[in-house]
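In order of appearance the chains are A, B, C and D, and numbering begins at 1 in each one.
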Amino acid sequence: MDLYQQLIIEHSKRPHGSGLREPFGAQVHHVNPTCGDEVTLRVDVADDGTVRDVSYDAEGCSISRASASVLHDLVVGRPLEQVQRTREAMHGMLTSRGEDAGDEDVLGDGVALAGVSRYPARVKCALLSWSALADAVLRVRPC
Amino acid sequence: MNAAPTLAAAPFDAAELAALRADFPILSRTTRSGRPLVYLDSGATSQKPLAVLDAERRFYTEHNAAVHRGAHQLAEEATDAFEAARAAVGAFVGAPAHEVVFTKNATESLNLVAHAFSTSTAYAQRGSAPQGQRVDPRFVLAEGDEVLVTEAEHHANLVPWQELCARTGAVLRWVGVTDDGLLDADALDGLVTERTRVVAFAHASNVLGAVADVARFVAAARRVGAVTVLDACQSVPHLGVDLPALGVDLAAFSGHKALGPSGVGVLWGRAELLEAMPPFLTGGSMIELVRMERSTYAPAPQKFEAGVPMAAQAVGLHAAVDYLRALAPGGRGMERVEAHERALTALLLERLAELPWVRVVGPAAAADRVGLVSFVLEGVHAHDVGQLLDDEGVAVRVGHHCAWPLHRRLGAAATTRVSFGPYNQPSDVDAVLRGLHRAHELFA
Amino acid sequence: MNAAPTLAAAPFDAAELAALRADFPILSRTTRSGRPLVYLDSGATSQKPLAVLDAERRFYTEHNAAVHRGAHQLAEEATDAFEAARAAVGAFVGAPAHEVVFTKNATESLNLVAHAFSTSTAYAQRGSAPQGQRVDPRFVLAEGDEVLVTEAEHHANLVPWQELCARTGAVLRWVGVTDDGLLDADALDGLVTERTRVVAFAHASNVLGAVADVARFVAAARRVGAVTVLDACQSVPHLGVDLPALGVDLAAFSGHKALGPSGVGVLWGRAELLEAMPPFLTGGSMIELVRMERSTYAPAPQKFEAGVPMAAQAVGLHAAVDYLRALAPGGRGMERVEAHERALTALLLERLAELPWVRVVGPAAAADRVGLVSFVLEGVHAHDVGQLLDDEGVAVRVGHHCAWPLHRRLGAAATTRVSFGPYNQPSDVDAVLRGLHRAHELFA
Amino acid sequence: MDLYQQLIIEHSKRPHGSGLREPFGAQVHHVNPTCGDEVTLRVDVADDGTVRDVSYDAEGCSISRASASVLHDLVVGRPLEQVQRTREAMHGMLTSRGEDAGDEDVLGDGVALAGVSRYPARVKCALLSWSALADAVLRVRPC
């Protein structure tokens, strides 16, 4: 089964950067309508556009928790432009129905989530924190 | 059938027709009089090709599960099949998937729309809309607001509006029918007033066969901001129809008249309008958040599809529209269906014109019609006509065809209606004529 | 299968089960992991035996026509088949044919009933009932009248009542669920007041599996003259049920959970009550007399069946109830289905009780349940459980099962539900346990 | 085709006793819901229970008109008890789905309607005037 890679299990058991922290520029709350699971997510962006912190409280399955953990790793300390590209790469991989295995240089541990794209019912799990992030960034930096 | 016709807008030739008819096993049965079945009641419901029956069966024997409800593989497959059907049925009428709502039949689709008005009105009066849901003023009716229909409507596009008026205090108005059996379109502009909130009308009449001047209705409704609702039951199965291009806001049609299974219908609506409408049936799968006190709802189309849906039937309808499209290269099958049925209609009209004791209702020219013709035999009751045709193996419909006010207007208690499907052939018209002559001899 | 079991209330033995399973081709498919399918999601929708698929296909290839609408032979045959289905489905739940209304699913049935209240209320307030139609005071709600449900209801038996309240100003009350996950039946008497007009509750919970004390609900409702509405979705497919004998006024169930096709549901109601209710969907075939101004309606059940109905699906459901009855001599098949599913439930409960990391919700004893069991794996999200079971080929449902308030009350965001059909076998329980152990090892 | 016996055609073309007449003890109006056709029917019953006249205005198909004509023949001049028996015989034959060919001694020309029972959609046509009669008699002689 290509869904529960060891990396996913590890991230889900010990998620990186979990918990809500201050300061933050925006906080959003997103719900996965198919299961009712939710994430509260905060971003703190420096004036130069660098993401200083992403903190979150994720209630959900292992996939959603692992994805939030991976998100934290990939986003903190990066400029918003790069975050945007990462998010697109993640989205592309997750919605590819098995076509896109993901680029490890861009997605790091995130490539362990590639298998999710073969399970349509779970794609929203992995996307949950990423859509919350997009929404939060939009509130900090409307464009 | 796999024949590749050369001329997109020609009727099916004999060989094509034979191949096509072979896809419909019921057409080779005989009736109690020993005569082969001549099915000319496709306006009531069409016959189904094997491709449709096979698609349904395959769904049940390989993928059956409750859609939108499970994470297991069968549930995924069933959901994929259901959503693929939505996309295909949408494409068939020029619409994106998310503007397609599956219902049990066109009647439910039209009731859904009528209830959007009374529910919005109740929400507005009581301040009881679900949290975060704006009540759209287009769907709120005040006492004396008007609903406009026509005198030629099928009961399905009349009675729900009468009932809406009974629930809200709105007033029903209608475009009349002239002595010639045509819609009195000139009266339209006078009937559409500042109080008109809905204009609901049939694209093609199931009795007259006439195709409405949709643009004129739409223009009149737009002038006053009324919502337009099209009953497309008799157009979608017989013409190539692009619903969004027609300019209407909402449209209903049934699957079972378009070679699809029974038990599935469609409501198409502009995305913006569907979002503005409250749900109709409520329950599982259409919710966003449920608390004991109150709930909020999913976006359209899910909002309108409460409960486990008719998945196998949607899959069957998918096969039906695929079948229809494949009747000509490039998915342009409906052009040939239209040409074919129009040729049969012209033939029938021509033959009936030779009989002084037959009065045809509706437009004289086949070009102004979909493929159906209703008529009266002087001195012979329509049910006796129907019975004698039945004895010839010919299945037609007799009665008021769920358009009683129109029949009252035409001064006919009942008419006999011949309605064509893509599988009908010129000899079917001969069979009708044989039966009519017999009825005339026997009774007149 | 034609095996003639000897003991009416015994589970199916291995040979019987093998014969029965052969009637369900889908059960022999394999899943993406290469493992054979173990279908344990019959609570969402059941699989269909070949007899059902064959009956539908035969209808389409031999008798298909619009029912109640034509005088020709096909229309007669189709109408006969549809009405025979009504009689058979009625008999299956102890009811006469004229008390059976065909709907698209149980959700529509329940919405139909909820709308009977708001429509009657509107008629009464506006004096707008159809001519000659008495508005029955039992269906007229005043501001502050009460609708009583339970906290364990499926959304289909909750949201329609919330919406009824939003349309009318009635107030929703509910019987709570105790910490043990049981209905707080002791609170019932206090909750039924002079203002209670409806008491709506599930015969068997689709999460807890618990069977309600129907007599107690009925007695409380009768005391104040409230209408009782039973959600029989999870009882009719799994127990022998005699609806009229239960004493309730109205009941809903779906065909697709009882081996029938998708797209067909049932509303049963006492004749007297159905007569007193206004129609819901309006249009063709449900009318008595139509004029442009207003219409009157046919007697029940036709009054509730607007438009061309799901005839093929009703015929399929007929075949399904025949199949179920034939699983034991004398048409007592449901006794064996009940015994069989109860034995599997007992086995599953027993095996789960051995696992300290599994918390079962609902009654401890299989005797108090229909054939379904929901549970929580400590430290493992239900969707991960479901996914690992899926990998074992096991199809179960995970989530809130359209009973979100109940899950909130139980303190579980989601549960895993195993639900049985007549075709399940003891080894299916082994497959569940294998998956649970794997989930526990991986995640806990 | 066993439906349109020559006798039926004749009755339908020249129905006996058609038209509404006076005096009458009761008048009823019945509609056939399946087609919308209607009959207005009057009965005049003598004190001794003899039916003095049945007059009617029938709008409908040949079957319904012929049935009204036959009704007139079978009922006028007969005592109510016999009328009741005739009505039952007619009802029995029409709803027999081809099983009951009718007794000519009781139903006279009415046996020509036997074929109707094989056409479920037409049974109501033939019954229309007979149910109207039952209703009218009940109003004259409530029991």
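Quick note on the criterion: contacts are C-beta pairs under 8 Å (C-beta built on N, C-alpha and C of every residue); 3 or more make two chains touch, one makes a residue touch a chain.
Here the structure is a predicted model, which is why all the values come from computation and not from measurement.
Between the interfaces C-D and B-D, more contacting C-beta pairs are found at B-D. Centre to centre, using the average C-alpha position, chain A and chain D are separated by 80 Å.
Taking the mean of the C-alpha atoms as each chain's centre, chain C and chain D sit 46 Å apart. For the pair chain B and chain D, the distance between C-alpha centroids works out to 39 Å. Per-chain CA centroids place chain B at a distance of 30 Å from chain C. With touch defined as above, residues shared between interfaces to two or more other chains in chain A number as follows: 36, 119, 122.
Multi-chain contact residues of chain C, defined as those touching 2 or more other chains: 70-71, 75, 289, 383, 387, 399, 404. Contacting chain pairs (ordered by label): A-B, A-C, B-C, B-D, C-D.
Looking at the complex, you find that chain A touches chain B at residues 31, 33, 36, 119-122. On the chain B side of its complex with chain D, the touching residues are 33, 381-384, 387-388, 391, 399-400, 404, 413-414, 442-443. Taken together, the chain B residues at the contact with chain A in this complex read 70-71, 75-76, 79-80, 288-289, 298.
Chain A meets chain C in the complex at residues 1, 3-4, 9, 12-13, 34-37, 59-63, 119, 122, 125.
Considering their complex, residues 25-26, 29, 31-32, 37, 39, 41, 44-45, 47-48, 53, 56-57, 60-66, 69-75, 103-108, 110-111, 118-119, 122-123, 126, 128-130, 151, 154-160, 162-163, 165-169, 172, 174, 254, 256, 261-265, 279-285, 287, 289-295, 306-313, 383, 386-387, 389-390, 394-399, 402, 404-405, 408 of chain C touch chain B.
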